[in-house]
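Which chain is which? They are A, B, C and D, in the order written, and residues in each are numbered from 1.
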Amino acid sequence: MTQALHLLADASGDVPYIGAVVVLVLIGIFFGVLLYVGSRVFAVDVDPRIDQIADALSGANCGACGYGGCRAYAEAVVLKGAATNLCAPGGDETCAAVAKIMGVEAEAAEPKVAVVHCKGTRERAASRGSYRGVADCRAAVVPGAGGGEKVCPHGCLGLGTCVAACPFGALVMGPDGLPMVIEQLCTGCGRCVEACPRGIISLHPKSQQTFVLCSSHLKGKAQKEACTIGCIGCRRCVKACPAEAITVTSFRASIDDEKCTNCGTCVEVCPQGIIWSFEKARASYKKPDPKAASACAT
Amino acid sequence: MELFRIGFGAIFVYNFVLAKFLGLCPFIGVSKKMSSAVGMGLAVIFVMTMASVVTFLAYMALLWIGASAFLQIVVFILVIASFVQFVEMVVQKVSPALYEALGIFLPLITTNCAVLGVATLNVDTFKIGTGPEEWSVVGGFFASALQGLCGGLGFMLAMILMSAMREELESLPVPKAFRGVPVAFVLTMGLALAFLGFSGMI
Amino acid sequence: MATHVRKFHGGVHPVDPEKARTRSLAIEDIPAPERVVLALQQHIGAPAKAVVKKGDAVKRGQPVAEAGGFVSVPIHSPVSGKVVEVGTCRHVLGMDVPAVVVENDGEYTNADGVGEAVPGADELTPEEIKNRIRDAGLCGMGGAGFPTHVKLSPPPDKPVDALILNGAECEPALSADHRVMLESAEGVLKGVAYLRRVLERDGKLPATYIGIEDNKPDAIEAMKHARLNVDVECEIVPLHVRYPQGAEKQLIYALLGREVPPQSQRGLPMDVGVVVQNVGTAFAVHEAIDLGTPLIGRVLTIAGDAVGKPANLRVAVGTPVPGLLESRDVAPDAARVIFGGPMMGIAQYTSDLPVTKTTSGILVERGPIEQRFDPCIRCGRCVEVCPMQLVPTRLSVLAEARMYDEMAEWGVIDCIECGCCSYTCPANRPIVHQVKLGKWLLAQAQKKARAQQEKEKQGKGGAA
Amino acid sequence: MTVTVSPHRRDGDTVPLIMWTVALALFPAFAVGLYVFGWRAGYVTALSVIFCVATEAIIQKLRGLRVTVSDGSAVVTGLLLAFVLPATVSWYVPLVGAIVAIGVGKQAFGGLGANFFNPALLGRAFLQFAFPTQVSMAKWPIVAGVTGYGRLACDVAGSVDAVTRATPMALLQGKPGVPWSSIVDGSPFGPPMVWLLPGAIAWVLFAVLVIGAVVGVYVSVRTEGRLAAVVGIGALLLFGVMPTGDISFGMIPGCIGETSAWALLLGGLALVYYRLINWRLPAAYLVTVGVLAAFLPMKTAGGEWVALQWGRVMTHVLAGGLFLGAFFMITDMVTSPLTSKGQVAFGILAGVMVALIRIYGGYPEGVCYSILIANAARPLIDKYTRPVVFGRRPPKAAAA
């Protein structure tokens, strides 16, 4: 063999590339065989669908699905049978794509947006004093930090934890000290809902337009002292609602999104003016800028 | 003494990353966490040592059959690429966690210029069969392996220093424009400037 | 025997002009106000459960609420009169807690047994003393308010061989404990004697140490003098003046050289065979057994740079604070009300809170602390002073970067929130606040994880 | 009422206070620089400070941040950068240095407290690369009216008419000792100050200094203060240990702020007193260099190996930039480890690097690179010297 190589190298003489070609071919064959054998010996099975789904997802790694990033969700879908419509930022298209890879029908999920259930601006909500601590709502409510400037124990703290938590820039702090949701940017991932220590942000279907914009469970008199625009639990809206969509639990009304027809009756009867219709507010408000936040349509 | 000079030089003075600026891709890419940096470092040490050995043998074979220098780089690339492919398969099978951590960078070692760098450097430094400072074949073999090993060690040293810094960097208020890779390059600049201090030693 | 006093790691010497003002003020007795507000959560653990209704008549020393569990104590009325409301009041930590409001009829009619020594006090068994202490509503009076009887009930696998009485009072400005030791030294020692008897084990009484910072030579002298009259075998140890000398873990280390495992390992003093009680608590033990009076009053210090007439007062538990401040010549430009000491006390939006069993002091101060802080310059002073040997700068930087998960890795749970780090920080960083936030978020996450787990378990159970 | 979170007291020290104190502590060395190198030293220093402050202000303005130049940190960086430059550099050298130091070395990482490398030294290392002829160690103007060579004769435009002489470190490179006669007139090393006095008095004074130091340390330990120890030890070091002579007082060629070990020690003691530096770090650094300078063998041009020469040790410790590095550079809070243990390890690492670079390396001076390398290893050192939480230590054997 080596003798032959030597002969070849010698014989090629003026045309040394023949030897080179032969040498490279031989090395190539050797490693080709080695790799083939290797791939057989060290074979690892990976479900190709994981990669496909991971590619199809939005790649925001926002965690809205409840898993630690897009790839983790993809693995959960394939290996643990997680639902295929959990990718909020990706929307319908992504969910459909994931469902297609998994070979199931796309489950319809109406896109949701975040709504801030507090209208207690500095003028409306009574204040107990001033807070000088770490600028994070959660820091203002930890034991020993006093529990927020406002008298109302359920009101927005206004330190912008939700704004910082939003991965899409869909929340901005308004001039009135309350966060505003920019509906066009909101993907309904729910990060803000999780971040808010007061639990005043919740997700609602995009079509829902009528909301009780107060989260306070204070009783009538205490509520009136705490905030001029708080829900006092008077039940007028409950009686007025033709769709029986409103309930009052511990002095606070809430609207069932499924039953609500957005007829606006409750908005008119509320003595505190805390039930708002975004649609009507929007209609009566001439937007100077299409990107204007829906929540600030006063 | 000569071997000490080779080793010390490859680790500090001619550090592949910080003095020769080879292999920056995995250096920047995998140095975010100390654990994966160490894994990558180990992988590079292994590949560089083995590549030194394998390419040395290949080079000897080339010399032997008389088809020498002009085939050098082609053959080296072929050998290293195949070899890394093989290592990748083994790692994936043996340690899936390490495979996950290294991600795309394990196959990228194939194109890690540091590996090809050490192979050509070996040939250039030890000048077996040519040049005035001739090494014996056996001596050249061990010197090549040592240079590969220490080149890898130097790479790992740089990786560890870098990853310790970058772990802290995560919590610092780096300007948005610099976040991630840019600031890593600034750090690399600082490290390279610091390693200038080694120049002239050995 | 403690042969010498060790120095615990770190600590600071806070500037303290206030203590010089308050230490020489004798305790004044303040009559109970017309209305007392008895919060039902004055201790750590389960809140007490109200046993009276609106309109009920109560006598002095009568329980208005019973213990809500093992780690809980009853609450007693300090006055006789009528329950006018069962509602809520603001807790010092910021939340609303249930409360009983009693209107004082000015008669102070005692309930049965109150004001009389427990018959046969010398023959009481340890168990009986412990029950007595529990029924008297005793909890630690130093700050946290851990129920005393729980501390006195070490599990059999944790033998207790030492009792430490905490008279360090390392918080600046406060002198309540100091005055109690000066004026009621014998009462304190009598209380200690009962505590020792509870902790008796195999016929052996625990070794007893009374630790007092050596800036209170008069208190040390008074205690030594009282020991001549009360037969208690104990050692009175002068301690270095250094904050936080009065923190449980640091005190135990200074006196005995034993290291209590940190919070992350759920370490308690009894893990190293020690029980620590505050001097005020010991005095309350004496009152509960020798006088039959449950814990219905306490001594507290009113101080601060906005207080014209600082004082040490003995007040009824439930006294609303605004009334106490009225006669203390508070400056109109007062900006802060702090419950507790300047290092660990809790500032309030209003002073409208009642005194509780754990209120050791009330500070009214002028200008608020600058809120703005600089980036960490890694000077390392916080690391130097941290008595828990944490790396506060790291915790602070991580909190600022909102990397709260990593804070757990750096031992945020082990922090005792003594405040040395923030005190010494040249960049004015709110390290303790950031730590509190980190701990709170961690607790929330754990709660959530536990709920999730339970849900999964239930789901599985339902399926099966 | 206002709510603040505990603790409600602060000890009153602030970052600006710290930075301005450091700037003030640099003054003795600056005064020597002015005296030795003339007013051009002041010109270069002023330029460096102005450029550093301006760079910081401009970057913060551009980024829309609060401009914090009044905290003094840029001023300190500017001073330190000037102190490691020769007095003869052109105006654009400190400009480039300032941009690298503040812009790349500090603001790129997020400003104060975020940098990994000492900004001034990063700037210096960059300048070494960019303008080797201007900042190289090989040729310096010597100016020492004081030692008989005539005053500095270089003007603002940077033309150097002065006689140029090599620095001690450059002369030392590759040699076992320095031919001092080529640099200074008189004796390079004199005995410490007290020994200049007549015999008996010297002995008495020295004894007093030693006793003073011991008493000072004792008092400090007892009272948990620093003043007594710093004064005691400081007096001993300054008057009883530091040699006199041109090397110690800085009448030698070199960078603006590095020549006078005596003045730097004075400033360093002030920093120790104000607890701005931990004495262990400079001590570890200086001792390591001293010990290695004594014992590391080196090959002379003649091919023989030599070690252990007292003069060489003195030169290594006193003549280069070591004192400036030890008290003002390596001790920079931001770029040094947090714990005492870490700082000692850090000092030793840097000390080893100084010795290696000076004795075996390609540069005559190793202080700058040694500190940069130590800076690079700092996160690693911090990681492995993290204190163990109280109570988490492995249980010790029961005390007897």
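In the analysis below, a contact is a pair of C-beta atoms (placed from the backbone, for glycine too) under 8 Å apart; a residue touches a chain by one contact, two chains touch by 3 or more.
All of these numbers come straight from a predicted model, not from anything done at the bench.
Peer 1: When I count C-beta pairs in contact, which pair ends up with more: A-B or A-D?
Peer 2: If we tally the contacting C-beta pairs, A-B comes out ahead.
Peer 1: How many angstrom lie between the CA centroids of subunit A and subunit C, rounded to a whole number?
Peer 2: Centre-to-centre distance between subunit A and subunit C: 43 Å.
Peer 1: Where the CA atoms of subunit A average out and where those of subunit D average out, how many Å apart are those spots?
Peer 2: The answer is 53 Å.
Peer 1: Centre to centre, by mean C-alpha position, how many angstrom separate subunit C and subunit D?
Peer 2: That pair's centroid distance is 49 Å.
Peer 1: Going through subunit D residue by residue, note those that touch at least 2 other chains and give them in order.
Peer 2: Within subunit D, the residues that touch at least two other chains are 1-6, 110-111, 114.
Peer 1: Using the touch rule from the top of the page, what residues of subunit C touch 2 or more other chains?
Peer 2: In subunit C, 346-350, 368-369, 371, 375, 430, 433, 436 touch at least two other chains.
Peer 1: Among all residues of subunit B, which ones touch two or more of the remaining chains?
Peer 2: Residues 172-173 of subunit B touch two or more partner chains.
Peer 1: Going by the touch rule set out above, what shape does the chain contact graph take here: line, ring, star, complete or other?
Peer 2: Drawn as a graph, the chains make a fully connected set, so complete.
Peer 1: Hey, which residues of subunit A end up touching subunit B in the complex?
Peer 2: 2, 5-6, 9-10, 16, 19-20, 23-24, 27-28, 31, 34-35, 38-39, 42-44
Peer 1: Hey, which residues of subunit C end up touching subunit D in the complex?
Peer 2: So the residues of subunit C touching subunit D come out as 8-9, 12-15, 172, 242, 249, 253, 257, 259-262, 264-265, 267, 334-338, 340, 342-351, 363, 365, 368-369, 371, 374-381, 383, 387-391, 393, 411, 414, 417, 419-420, 422-428, 430, 432-433, 436.
Peer 1: In the complex formed with subunit A, which residues of subunit B make contact?
Peer 2: 58, 61-62, 65-67, 70-71, 74-75, 78-79, 82-83, 85-86, 89-90, 92-94, 96
Peer 1: Can you list the residues on subunit D that touch subunit B in the complex?
Peer 2: That would be residues 63, 104-105, 107-111, 114, 116-117, 122, 125-126, 128-129, 353, 356-357, 360-363, 366, 368-370, 372-373, 375-377, 379-380, 382-383 of subunit D.
Peer 1: Given the complex with subunit D, which residues does subunit A contribute to the contact?
Peer 2: Spelled out, the residues of subunit A in touch with subunit D are 128-134, 144-146, 149.
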